[in-house]
Amino acid sequence: MNGGPERGDEGLLLSLDGYQGPIDVLLDLARRQEVDLVRISVLQLADQYLAFLAASPDLQRSADYLVMAAWLVWLKSRLLLPEDEEDEPVSAEEMAEVLRLRLRRLEAMQQAGQRLLDLPRLGRDRFARGMTDEVADIARTRHLATLRDLLRAYANRRMRQQDASLSIAPPRLHSVRDSATLLRRILGVSTRWHRLFEMVPAGTGGGLEIRSAIASLFAASLQLAGDGEVELRQDRPFGEIELRGTGRREEET
Amino acid sequence: MNEERPEPAHRKDGCRLAEALLFASAEPLAEDFLQQRMPEGVAVGEVLAELVRAYDGHGVNLVRVGAGWAFRTAPDLAGRLRREVDVPRRLSRAAVETIAIIAYHQPATRAEIEEIRGVVPGRGTMDMLFELGWIRPHGRRETPGRPLQWVTTEAFLDHFGLASLDDLPGLEELRASGLLDPVPEFGSDPEPEDNGG
Amino acid sequence: MNEERPEPAHRKDGCRLAEALLFASAEPLAEDFLQQRMPEGVAVGEVLAELVRAYDGHGVNLVRVGAGWAFRTAPDLAGRLRREVDVPRRLSRAAVETIAIIAYHQPATRAEIEEIRGVVPGRGTMDMLFELGWIRPHGRRETPGRPLQWVTTEAFLDHFGLASLDDLPGLEELRASGLLDPVPEFGSDPEPEDNGG
């Protein structure tokens, strides 16, 4: 392993050469404690780490830190905040255990990578036949193009095409205007409360289509409510939305 | 091949041909490819075994590379051949970690690599490994988003002198230690797959 | 080299080293060059003579080429080492783009390829992809002119090491892998060797 942190009294002097990212810092912190992670304070570790992030000039070069930082902030919040009734209570020890496992996993992969690099490598320690032209076409089709060539060619072509012109196939989406027409038609002949979801036309496809249908119905209902054509009600946050006609539209027209 | 014991002429012919084909090609040749070129009735497996034996101890050896075979200089001569040829470019630490994760966890998704490394992989890293021909996409994980999975290639085996993925250094220990298992997510639901580490 | 007669270890070592050097070199090697690398007291002339003898009758022979020495496949095998396919070593950019578009948009008509590439694919390009066995016609589009539709084949998957068309990354995945970055660097050499130090 190259470039561990300087062992300084300040405790957090990282050598930026070997420094790669969040878990590495944690690894360093953990090693530096020279105690089993389970026995040190996860909270303290999280604090030190976050303090490091805040202070490190190296931070600017990365959005990379987000993964680990987010995880740690979450970890810290679990320790500081009262537990949500629905969640399983997680003890600091369990957290330390999970953290320890993560660190060991990364460490294992760093070591595995190093062991790979130490193998006798082709082109450095072991060599293939140097002279291949004499019978070049034996396995020649292998050289025609690689998958990477193919993907790059496609990607670049598509990029250029997107720059030039973008044609989007008309998706099956429901417009607010159509939804308003639909609502008027139904609510004009009925005075009972209807649930918004009932209004989705039969035969509406799934996925984006149904989502667009619901969204347009909702938008249309707000619009009609604004115009006084319908009334809306909802019992509680995120509850069912219901609506009924007020009969005002007939009078106006 | 130097053996004096009598053998059918076509067997010997098969040996010579396989030897020439393998020798002439810089890249490993698939066993299938060689079998198709063998004389009637000659099993390429036997021919290869014989060649492996014949070259044992030589400065050049016949080695297995995944599903293929190739002649490569003997590993112990490494230091003495090295200066004659270009050294492959130095791999970044990110690239080393990433190739290790893919090799030992394959098939691996980007999210898994990210999970283990604790950083979002830079775009260049995967592309570099791909450019080296060491990784390739292989199937999709049947989880939301159907992410692409990555595996190592034969060129990866060839580069590191591995006959197969089973020869990855330390693989057994890593498996036994549970470090290759998915890590228990917590905060999410208590997963059924919970490897006590 | 297989001979059982006792010989000094350094003589054998010289043989192995010469063998590896000759194998790995892109050019014939001069006797001087080899002599400099021989262990103390080993005459390269004897080593070469021994190697010539050892490889006699094999599919590969050690031969004198001009002022140097090189391994060459046995002349009598020449005809059997060649395959009939006469294709360029590298595909043209047009061909790579065309096969890529067919792969992603299959079944694809020539008009569709043209639409994406902005150029009508030359007949040569399509013919070549067809001859390589990478594409095949697949019915006709029921539009005016009933143009032929093209799809990719098993051989295509094989060549690119894909298990199925599902392994082709989507645009988002290409972007995440760094393949969509600007500076299209088509045809860059995917060789691992790069003497970057």
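Think of it as A, B and C in the order they're written, each chain with its own count starting at 1.
Please note the rule applied: contacts are C-beta pairs under 8 Å (C-beta built on N, C-alpha and C of every residue); 3 or more make two chains touch, one makes a residue touch a chain.
It should be emphasised that the depicted structure is a prediction, and the values quoted were computed from it without experimental measurement.
> Let me spell it out: compute each chain's centre from its C-alpha atoms, then which one is farthest from chain A's centre?
Greatest centre separation from chain A goes to chain C.
> Going by C-alpha centres, which chain would you call the most central?
That would be chain B.
> How big is the gap, in whole Å, between where the Cα atoms of chain A centre and where those of chain C centre?
39
> Could you grab the centroid distance between chain B and chain C? Build each centroid from C-alpha atoms only and quote it in angstrom.
One centre to the other, that is 17 Å.
> Let me have the rounded angstrom distance from the C-alpha centre of chain A over to the C-alpha centre of chain B, please.
From the centre of chain A to the centre of chain B is 32 Å.
> Of all the residues in chain A, which ones touch at least 2 other chains?
Residues 122-123, 127-129, 134-135, 138, 142, 146-148 of chain A each touch two or more of the other chains.
> Identify all positions of chain B at which a residue touches two or more other chains, and write them in rising order.
If we look for residues of chain B contacting two or more partner chains, we find 20-21, 23-24, 71, 73-74, 81, 85-88, 122, 127, 130-131, 133, 136-137, 159.
> Mind pulling up the chain B residues that touch chain A in the complex?
20-21, 23-27, 29, 33, 70-75, 78-79, 81-82, 85-88, 91, 93-94, 96-97, 99-101, 103-104, 114-120, 122, 127, 130-131, 133, 136-137, 158-162, 168-170, 174, 177, 179, 183-184, 186-187, 190, 197
> Inside the complex, what are the residues of chain B that reach chain C?
Residue list for chain B touching chain C: 1-2, 15-21, 23-24, 37, 54, 57-60, 71, 73-74, 77, 80-81, 84-90, 110, 122-127, 130-133, 136-140, 147-148, 153, 155, 159.
> Could you please specify the touching residues of chain A with respect to chain B in the complex?
Interface residues on chain A, with respect to chain B: 2, 18, 20-24, 26, 62-68, 71, 74, 78, 87-88, 90, 94-95, 97-98, 101-102, 104-106, 108-117, 119-129, 132, 134-135, 138-139, 142, 146-148.
> So in the complex, which bits of chain C are touching chain B?
It is residues 1-2, 15-21, 23-25, 37, 54, 57-60, 71, 73-74, 77, 80-81, 161-164, 166-169, 173, 175-179, 181, 188, 190, 192-197 of chain C that touch chain B.
> Can you list the residues on chain A that touch chain C in the complex?
122-123, 127-131, 134-138, 140-159, 161, 164
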